[in-house]
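These notes open a run of structures that come right after.
One chain, chain A, links the two complexes that follow: it is found with chain B in the first and with chain C in the second.
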Partner chain A sequence: MVTSMPRVSFTPNLRRHLDCPTVDAPGATVRAALENVFAGNPRLRGYLLDEHGCLRRHVTIFVNDAPAADRVTLADPVGEGDDIFVFQALSGG
Partner chain B sequence: MSARLLVATRKGLFICPPGGDGWSIPAPAFLGEPVSAVLHDPRDGALYAALRLGHFGVKLHRSEDGGASWTEIGVPALPKEKEGDKPLDMIWTLAVGAEPGVLWAGTLPAALFRSADRGASWELVRGLWDVPERASWMGGGYDDPGLHSIVIHPLDPRRMAIAISTGGVWLSGDGGGTWRLGGRGLRAEYMPPAQAFEPGVQDVHLLAACAAAPEVLWAQHHNGIFRSADGGESFVEVTAAAPSRFGFAVAAHPADPATAWFAPAVKDECRVPVEGRLLVTRTQDGGASLESLGEGLPAGGSYDLVYRHALLVDAAGTRLAMGSTTGNLWLGEDGGARWRLLSAHLPPIAALAFA
Partner chain C sequence: MDLDFTEDELQRYSRHILLREVGAIGQAKLRAARVLIVGAGGLGSPLALYLAAAGVGTLGLVDHDVLELSNLQRQVAHATARVGQRKVDSAAEALRGLNPEVKLELHPRRMDAAAARELIPQYDVICDGTDNFPTRFLLGDACHLLGKPLVSAAVLRFEGQLSVFRAHEGAPHPCHRCLNPEPPPPGLVPSCSEAGVLGAVVGVMGTLQATEVLKLVMGIGEGMSGRLLLWDALDARFRTVRLRRDPACALCGEHATIHDLSAHPG
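Take a look at the complex of A and B:
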């Protein structure tokens, strides 16, 4: 076992605005993993979450092959070896 | 010295250097991104550009070098106090404050924000947010009400006027601490007759003040043009408005309180120039009469609509600029007597500024 943390990667379209390389981030939920990413990249938070802490309307998160169900508290569980993909939705463009 | 023209569009911010007969349109900053508001701060020369990113939210950028480079700074945050309270959708207008470093922002959903540090951080103006009437503000154009006009009295900056689509004209006498409804005399055709003159239901599309006579405010309203001679407390309708009373934009002459310009469209349900002929109208007698200024503008077949922040006059009161949703950009010389097309190929234009 090489990696034990969820791996978080981002749509290349975000790189128009800020640097956001793929990172391994500890956490048992999507939110916990993202909070760990934000800790090292604070500006990223406002691109993915609104000021109320919800996932922005036109941002989509997948855990492996399935869209994350909880867009408000981001409580979808993640574990070892999971991939969290942050995409922009096709809406909103 | 001529000013640059800043053009905020659906797909970037164009900063056009002044040219005699040959104005050029350089490549934009923020290519592909919607720019909803732009501000030049004459105190330090800084430029501000508000972005409304389709996916990633509202961002605000500042440039210290005339637009060569930009730095992302802070954005207003709307409070969530009850279910249904929405996050920030757009910065609709930015204004320079009186005190050093102070900026103001009007937003969609409707709120007023103040920054004391050149936009690095923003504070909600509670005095306006907490007025009980806010519960009855309505969407006007957008689903949510929005604050699009911020007028600060140049001699007494404690006096402010703002306008909300749709929530009327609000006045402060203490620098934004407390607010009360102004706008007596505004008339709303879209309400039941008994409520037509309710100040809180008025959809002023834009407020503009005469800099040299700041008691005079012009309002392009959803169904009429109105003028105030008492700082927004009360308004008188300009019944001579023609060829229509509908429009979004108004530009107030900086020195002459009897002069203002408008960009009429047919009506709310048909937002195109009357008979396809694009016109700017001007009054020079306080609204008693208006003349049509169309030389150099399309005489037919025009579908241009001029948004509320896309008609402006320079500090001398002689040069105008106008941009449309069709992506046409004009300069109007001699007070709008002659118009010149600078580009017919821009993205939809949201706002203009001279800098």
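Take a look at the complex of A and C:
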């Protein structure tokens, strides 16, 4: 059996006010990997997902530097070595 | 296109004209260009200085603020002696000293929907150097609806982001709402005045922004449309992610719901 272990990382401005270091999290989809991250960090879940479990509108997820296609069920498949990057925009100028 | 240059122009721009990708034709394109810079602050300072130095023919500057001492740690177009002046006037003094050939159009006003409707159509390229999400979303919407390319950068602390949006040209170009459908709720992402910013980071991002404007005007190189550059200065890492045009986008999608600027103040 192959272990599915993508890496989950967060944009620095998220890391500043949420406890979200880069981690390897098991899961065959973006949602499964993120749920494993959220298991130890419920505050992060509330920041990234709304009450329906959908990605909040100001957050974007990239898988291997391409935008995840599914913002609702987060069903994009991921596997070992894949890179899940959680992004939000800045406004400073 | 007017390819006649004075002796002074040939000297001033000689290092540009030597570049095969620029040459006299590229320099003439820069001289004919009209670029609007919204925000004469941290990003707007290096942006305006490099565009003026490069010989962009007309620069418009929009800013309603007055220069404060706390600006000078990063806003390098200004000077201590000009604290208290309007930023557009202070920046204009620096730009005229650098290149008096550039025509400056100063707009000491807040960028609201009325200003966007009036000013954006007058320019070829729009640059976002603002410091808040409402104005950034206004500019993104307005540039798309008015058919102008937007060169956008943003900063916070040790971090920078840069992209170019030209979705009005059609697929595959994404618009700003394909990346960020909505701004974050107020207060969620701090501003530079709340969280701080390293001055040199703003300088790098404004200079990258200027580089993209020059490429866009001259039509050289690979543009940033469809890509987002991220820089983490503390980790000394650049990263480029791909952006995709969203068919369901409220601004540029097949069933777009945003057709005017009525949702924005002004």
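Here is the rule we use: the second predicted complex is superposed on the first by the 84 of 93 C-alpha atoms of A that agree within 3 Å, B and C clash if a C-alpha of one lies under 4 Å from a C-alpha of the other, contacts with A are read in each partner's own complex, and residues count from 1 in each chain.
Just so we're on the same page, contacts are C-beta pairs under 8 Å (C-beta built on N, C-alpha and C of every residue); 3 or more make two chains touch, one makes a residue touch a chain.
In this text the structure is predicted, and so the values were computed from the model without any measurement.
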Contacts of A:Ala89 with chain B and chain C, given as first, second, both or neither: both
Which of chain B and chain C A:Arg43 touches, first, second, both or neither: first
Chain B versus chain C as contact partner of A:Cys54, first or second or both or neither: first
First, second, both or neither for A:Asn13, with chain B first and chain C second: both
Set intersection of chain A contacts, chain C complex versus chain B complex: 13, 58, 88-89, 92-93
Chain C residues touching chain A - in the complex, by the definition given at the top: 39, 41-44, 128-133, 136, 153-161, 179-185, 188-189, 191-192, 195, 197, 202, 230, 232, 234-235, 239-244
Parts of chain A lying in touch with chain B, wherever the complex brings them together: 13-14, 17-18, 43, 46-48, 50-52, 54, 56, 58-59, 88-89, 92-93
Of all residues in chain A, those that touch chain C in their complex: 11-13, 16, 57-58, 60, 62, 65-67, 85, 87-93
Contacting residues of chain B [partner chain A, same complex]: 53-57, 59, 72, 75, 77-78, 80, 85, 87-88
